[in-house]
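Look at the two complexes coming up: chain A is in both, with chain B in one and chain C in the other.
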Partner chain A sequence: MRREYDIDLLIRKFKEKDKIALARLISIIENHPEKASDIFKNFNHIKHDSYIIGITGSPGVGKSTLTGAIAKRLLKEGKSIGVISVDPTSPFSGGAFLGDRVRMTEVSLDPNIFIRSLASRGYRGGISRAVLDITLLYEAFGMDFIIIETVGVGQSEFEIYNLAYTIIVVMVPGYGDAIQMQKAGIIEIGDIYDVNKKDLGGADIAAHIDMMLDDSTFQGGWRPPIVQTNSITGDGVDELIENIWDHKEHIELSDLLSEKKKIRFAYKIKELLYYKIDIVLESLINQDELNHITTKALENKFQIYDLVHDLFSDVKFERKSKS
Partner chain B sequence: MADGKIRVLMSKPGIDGHWRGGIVISRALRDAGMELIFGGFQNVEQCVESAIQEDVDVIGLSIHSGAHFAYVKRLLDLIEEKGLTDQFMLLVGGVIPARDFSELKKMGVANVYGPGTMTKDVVEFIKENIKK
Partner chain C sequence: MRREYDIDLLIRKFKEKDKIALARLISIIENHPEKASDIFKNFNHIKHDSYIIGITGSPGVGKSTLTGAIAKRLLKEGKSIGVISVDPTSPFSGGAFLGDRVRMTEVSLDPNIFIRSLASRGYRGGISRAVLDITLLYEAFGMDFIIIETVGVGQSEFEIYNLAYTIIVVMVPGYGDAIQMQKAGIIEIGDIYDVNKKDLGGADIAAHIDMMLDDSTFQGGWRPPIVQTNSITGDGVDELIENIWDHKEHIELSDLLSEKKKIRFAYKIKELLYYKIDIVLESLINQDELNHITTKALENKFQIYDLVHDLFSDVKFERKSKS
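Take a look at the complex of A and B:
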């Protein structure tokens, strides 16, 4: 069994708001990034922007349930939503157990929502390579909102910062003390902090975040609010939504939104450039050579910089002049 | 063109609370390099909509309630209604009497797995029949 996808037919269906076509275009983009331009060239006339919300935090803090709870309220207001939920790919088998959608069953049949689970497929930073491309597909589809839910992250996986306009960092009771809050990384990127699982406490965590914010400067003029929620019962979610609206308004009225959009595309452009350079590199340096210098490094580990330098001694990068 | 990873939806019809079988198989498929979307409890509509949005190759139903004929029929009807006949491989597992296997297959189920199934048999069947 093997399905063949015809891009032109899918694009026609996509423009009629067909979800099957949207799902299949996502698969093509995820599996064949080289075909992205064939797809996107059909959307050049579309000017629609979606508002992108990022939800991040450690594994098990309730990101998926919270995504479902936020989506439920946005749907009630008549908004259309595209959800992207990322879970990790196994470094051993290459497989993945994607268990985010199961938390959103309640909203899954609403005609105005589309939910896609993605495996990270070796990409770092808590997302997958295809995430930005899929946000573009959702924008072309006309979604009002996009919610990106990251992999359960640690301290330093914050690529979501480059992709979303409002970032919600989700924490739970027992997260850590005042020292933990001073660390760089994930704790710095929140536009809104949510201490979930409110039924278990968490007022101390909220207070620690508040103290951490007291020592921060807010260049954009936005002091991140702190909310406590119970994503299962929905307690506190209305307040969280209010804060999302406030932040959205804040960045729309200042230059911050256009700044964030610039970051979003600069990030992707850089990534595409690296992707191209990777292909060039792979064509220049083969696996045998890599094995050879790895063996040499085992003989003398202090040589590693020199070995790589030598490998590049006969490589010359040059741009042809475009005349 | 649909290559890449094999994607499988694991769905539990209705509110039949016997999770273990579905979890064990899901885990085996993960360890075999597939992308497993765990749907959990779903009605027919939720199952088909998930299969569509996740663009899966395989739908796995874990059924322990005895409702396999009724559920499979409604599922296949809905798939047909959406114009997606033969687009998904449908597998059924759980407490299914051996005498029902051939009838399920006649309806359009690709394979049926009862108690005592070896996980590797499920993995091999999927890999042999879904070419990616």
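Take a look at the complex of A and C:
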């Protein structure tokens, strides 16, 4: 009863744009995903959409400083912003250098921005689920923009291209980053390429990406622009933001935006199905049994498939036919 | 019938150390995981263990060249090696620069080495499962060593520390890599730290890691050594290999190795359970239904939890009580 009361109060505060209530609801959904449904049903009447920007790149390329620089510009234009950082080396999550963290703190004091970092390694599907839920909470809160910052090198559990509408791939000069990413096909996910730390050069890399893009075909006729920035001084950030507006307009006019939204929700639905199944699995098979077959697998590793098969053989799944 | 015959023939060839049969069996298990059980049951009498080395680090730090350099030394000592590369930017998978690829090709021509790369992004759990199965196939093949090369920045779907016995974390000078990783707690997974590209410096980074390690507590009394290498010239690689032997001896004597093996199989068992459930899920809920609720979620995103709940509500899970 007490808990119910708390959530009702939080929802009321949340609707009054209370950032502490937002923070608490995020924590509740993260730690008690079973409560998400009860929380979200309070927002059924809200029709607000946020525009979701993804910023991805290797650790150390300056994604967080860039996020800070973009956020600063958007705040100046009167926009509200929700940031989600899923980079464990981000200054938002206590990583990186003191100077970065000071710059971030300066931005984060603005009442129109809220920053949440997910630094820890999640269990299976954990980070994805949390990120998706936080975007929904930001939308219910009425954020104009959501910026998701993520380490992206092709294998991350959380795949940003299922979630963001405009993706900025950030690189740095002199690291071979661009060429490495291009060869691996990772470069294909960018809607905008940013060569950051332009004080260290990077014109050659920008030219190289440009050449690579000559050989590509572009989704819906958008040729990704290449920008050079210095996220610390702010040099080039205006141009980057201009390019975000251009891309936003492009996907809105070409109806690609609704396609991207569809992908986002389909991904969320799949996550939720997996989550439900995880719960069922835990209730059906206990730790002792798992320990037992692990010991047996240690004795003869090649029978591992059969051991799991036997364990699973008396689990029955059924679906009542729809009435 | 024909297919059965093919697999029997492949198994026979495999047992005669035919690398083409090894390659085909890997492909079969990758593409038809339901056949894995039939394949592995042929190895029930094999007791051979391989020693598994993990090499991880950001893209571009030279993991593949280092893998090549280590492999070259091991081959010279008469050892056989199976390599698995899960770095999409690896020269093994066609990424990186021509020079790297030429060096790798030189190594890969040796009859005692087999290299498999998993370049593409897998679906949920896909890459993990494939890597685990390939390690089993390498063990059945009789490989002395398995080297797994992976991009590791804390969020990768495939977590190398569940699988490798000795983990080498590779960094480069001048990139802030070490500090970034340390702050994020990623540095804790290394059994050995290698600052590669020593021709570009790196003594300061090595000293910094050393200082950080002063503050750490070490699993089983092993203090991770820090090595500097130039994987292209081979400078420092002997020292790195000495450290691998030291760590191997350490975990064998302290019984940490059997603990690590237990983790490896427990992880595999969990993967297999998830895989079984994926199949069940696909058979129970069809694409049309998923499309339908995706459309409904587009209309009102905050009811997404309820939509999935309804979809799942007539799925029944049961476990027959053990007789």
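Just so we're on the same page, the second predicted complex is superposed on the first by the 274 of 323 C-alpha atoms of A that agree within 3 Å, B and C clash if a C-alpha of one lies under 4 Å from a C-alpha of the other, contacts with A are read in each partner's own complex, and residues count from 1 in each chain.
Just so it is clear, a residue touches a chain if its C-beta (ideal position, glycine included) is under 8 Å from a C-beta of that chain, and two chains touch if they have at least 3 such contacts.
These figures come from a predicted structure and were not determined experimentally.
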Practice problem: With the two complexes superposed on chain A, say which partner A:I20 touches: chain B (first), chain C (second), both, or neither. | Solution: first
Practice problem: Give one of first, second, both or neither to describe whether A:F114 is in contact with chain B, with chain C, with both, or with none. | Solution: first
Exercise. Go through the superposed model and pick first if A:I226 touches only chain B, second if only chain C, both, or neither.
Key: neither
Quiz item: For A:I205, is the partner it touches chain B (first), chain C (second), both, or none of the two (neither)?
Solution: neither
Quiz item: In the superposed arrangement, which partner chain does A:L10 touch: chain B (first), chain C (second), both, or neither?
Solution: neither
Quiz item: Of the two partner chains, chain B (first) and chain C (second), which one does A:P59 touch, if any: first, second, both, or neither?
Solution: second
Quiz item: Which chain, chain B or chain C, is in touch with more residues of chain A?
Solution: C
Quiz item: Where does A:I277 make contact in the superposed view: on chain B (first), on chain C (second), on both, or on neither?
Solution: second
Practice problem: Identify the overlap between the chain B-contacting and the chain C-contacting residues of chain A. | Solution: 89, 93-97, 119, 121
Quiz item: For chain B, which residues are in contact with chain A within the complex?
Solution: 1-5, 26-27, 29-42, 45-46, 49-50, 52-55, 57, 82, 84, 86-87, 89, 129-132
Quiz item: Which of the residues in chain C end up touching chain A in this complex?
Solution: 36-37, 40-41, 43-44, 46, 58-60, 86, 88-89, 93-97, 119, 121, 124-125, 127, 136, 139-140, 150-151, 153-159, 175-177, 179-181, 183-186, 258, 261-262, 265-266, 268-270, 272-274, 276-277, 280-281, 284-285, 290-291, 293-295, 297-298, 300-309, 311-312, 314-320, 322
Quiz prompt | Footprint of chain B on chain A - complex, ascending | solution = 1-5, 19-20, 23-24, 26-28, 30-32, 89-90, 92-99, 101-102, 105, 108-109, 114-117, 119, 121
